[in-house]
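Each remark here refers to the structure printed beneath this line.
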Amino acid sequence: MAAAALDELKRQGSGFTVVRYTVPGIKDLPVASRILFEEQKCDIVIALGMVGRLPVDKDCALVTDYGLQLVQAQAGRHILGVMVHEDEAKDDAELAFLFDRRAREHAINCYDLLFRPEELRKRAGTGQREGFADAGPVRVK
Amino acid sequence: MAAAALDELKRQGSGFTVVRYTVPGIKDLPVASRILFEEQKCDIVIALGMVGRLPVDKDCALVTDYGLQLVQAQAGRHILGVMVHEDEAKDDAELAFLFDRRAREHAINCYDLLFRPEELRKRAGTGQREGFADAGPVRVK
Amino acid sequence: MAAAALDELKRQGSGFTVVRYTVPGIKDLPVASRILFEEQKCDIVIALGMVGRLPVDKDCALVTDYGLQLVQAQAGRHILGVMVHEDEAKDDAELAFLFDRRAREHAINCYDLLFRPEELRKRAGTGQREGFADAGPVRVK
Amino acid sequence: MAAAALDELKRQGSGFTVVRYTVPGIKDLPVASRILFEEQKCDIVIALGMVGRLPVDKDCALVTDYGLQLVQAQAGRHILGVMVHEDEAKDDAELAFLFDRRAREHAINCYDLLFRPEELRKRAGTGQREGFADAGPVRVK
Amino acid sequence: MAAAALDELKRQGSGFTVVRYTVPGIKDLPVASRILFEEQKCDIVIALGMVGRLPVDKDCALVTDYGLQLVQAQAGRHILGVMVHEDEAKDDAELAFLFDRRAREHAINCYDLLFRPEELRKRAGTGQREGFADAGPVRVK
């Protein structure tokens, strides 16, 4: 996932440096983000992880999300959580596709938050969901 | 949604400036609110977002709400969360109606918190639910 | 509810001033409490609200409770949350009865925390549940 | 429960003073613990409470636990939560038995954390569950 | 569990000192970790515990995880939570096996976070799940 995100960031433009920090599991992402903000002076974090199929994995994801909120509130900087749930895909090929697509979409969001906030506003309310096909904007008949 | 909220705020009165900040997803709203409080010196935030139909979307909404509590407790300033759940409406027209109505009602609440707290007290306990018809106050027979 | 709480507080004694702060919804209670502690120098807060019948309302109540814990931990002062759930009562008359009774019981608790802590200790472990009839203390046969 | 905990603490040894603080409900325990840490300079808190049978009571317990985590993280001091759930016992006699036993076991833990940390290490991993009979350590056949 | 973790840490290398802190239950792990960070100047914590079979035990685990997030966000240092759920194993032998294996895997992660971050990156995305057999990396056909 990290490779796809990195590739997409470079496609969008330049003017940034990337620091990678690998952690053992998704629950380690929040404190790693804090370390990236504090010690590495990062301006934004893309937190990538995979969520398993078991109920205990879902609890992990919830706790991780909670920790990401804590660290963001503390740092006043964005963390874009890119979680792919194993049960979103029917096989490994689809999972790999989802990984790639979602990482790229969040990389674009990351770039826009830093350098092109006006692009985010244009896409707001168009109902884009990461991965698979978009659902399209609300149309009043 | 943002357009309806803005329009309604202007209808209520003046004496304020609006700063818009678009984020990729609802989970990005809490830290965006903190940035609006800290860097843009905002006095109050209206956080608008849509919540999808999937269980994972409901978890997103819960985590967002949690983050909004964190940021409010930290800043000592109000964030009015305006979330519309996709499954509240039977079609896009109804969804658009709900968006508009709820955004306007929260815009009024926002204006009242800042400029007309006595109006909020008048409406307290009258059981108004945002969107659709109000349920009416408790009547002792 | 606020009226019943106020009336009961006055029945218990004097030596205090009451500051009212009305908010649009229950999720706004935690930050309002923080504002009452910080800006109005309040020593304690009674947070009154009604919780609807829908699952989304239950989530609201949970998030509110969470926020109330955050603000209390921060301020080191008590917030007595008085939540009445719509589905606790079979009709409006019962709901009004519950509102009144629970608000009064918490007003007494509030007064005792401030002025008569020994009264709280006397009632401890007697299994009093707010509203309806009390369940009575544990009796070893 | 408080009486059993106090009695057991005295049986274990001396060198400590006990400060009691009674609160209206379990959700008031976290902030009371913070007050005991800050204003009464307590080194540790035993938080005793009963959890009712209703779903709303279970939510209360969860929110309380959450608040206890918040206050402990803030203070860097232990709070031993002693919660007895009404539905753990089939009648009042069993409930009273559980109250007494669990309060005593936590009082011993409390004493050990302060004065005999080596005792805690000896008991670690022996699968002791408070109240009822212990389950015994893992045995590899 | 602690013995297996310690043994594995020593197998990986040297240059560290281990401080042990035993607590009565898993919910005491977060504040103990904070004490280890603050008073013992630890750089990382391995928090080991067992989670019972009852719903109340699952809530305990969730609250513990939440507390661990709080303390990590505060300290900016990692806590590796090693929780074994009683119902993951069919008997005591399997439980003991899981304890040992998972403790060792997290000990390696711990060592790598401190001394060999490049090793973590190599293993990233290979879908290793602690205990039992690994599931293997995603293969695009």
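Residue numbering begins at 1 within each chain, and the chains themselves are lettered A, B, C, D and E in the order written.
Just so it is clear, a residue touches a chain if its C-beta (ideal position, glycine included) is under 8 Å from a C-beta of that chain, and two chains touch if they have at least 3 such contacts.
The model shown is predicted, which means the values in this text are computed figures rather than measured ones.
Visitor: Please report how far subunit D has to rotate so that its Cα atoms sit on those of subunit E, a copy of the same sequence, as a value between 0 and 180° in steps of 5.
Guide: To bring subunit D onto subunit E, one rotates by 70 degrees.
Visitor: Rounded to the nearest whole Å, what is the centre-to-centre distance of subunit B and subunit D, using the mean of the C-alpha atoms as each centre?
Guide: About 40 Å, centre to centre.
Visitor: With chain centres taken as the means of their Cα atoms, state the distance from subunit A to subunit B in Å.
Guide: 25
Visitor: For subunit C, what residues touch not just one other chain but two or more?
Guide: Where subunit C meets two or more other chains at a single residue, that happens at 66, 70.
Visitor: So how do the chains connect up here, line, ring, star, complete, or something else (other)?
Guide: ring
Visitor: Going by the defined touches, start at subunit A, step to subunit B, and keep going round the ring. Which chains appear, in sequence?
Guide: Result for the ring walk from subunit A toward subunit B: A, B, C, D, E.
Visitor: Can you list the subunit A residues touching subunit E in their complex?
Guide: Spelled out, the residues of subunit A in touch with subunit E are 1-2, 20-24, 27-28, 30-32, 34-35, 38-39, 50, 52, 56, 59-60, 63, 66-67, 70-71, 74, 92-93, 95-96, 99.
Visitor: How about subunit E: which of its residues touch subunit A in the complex?
Guide: 61-62, 65-66, 68-70, 72-73, 75-81, 85, 106, 109, 112-113, 117, 120-121, 124-125, 127, 129, 138-141
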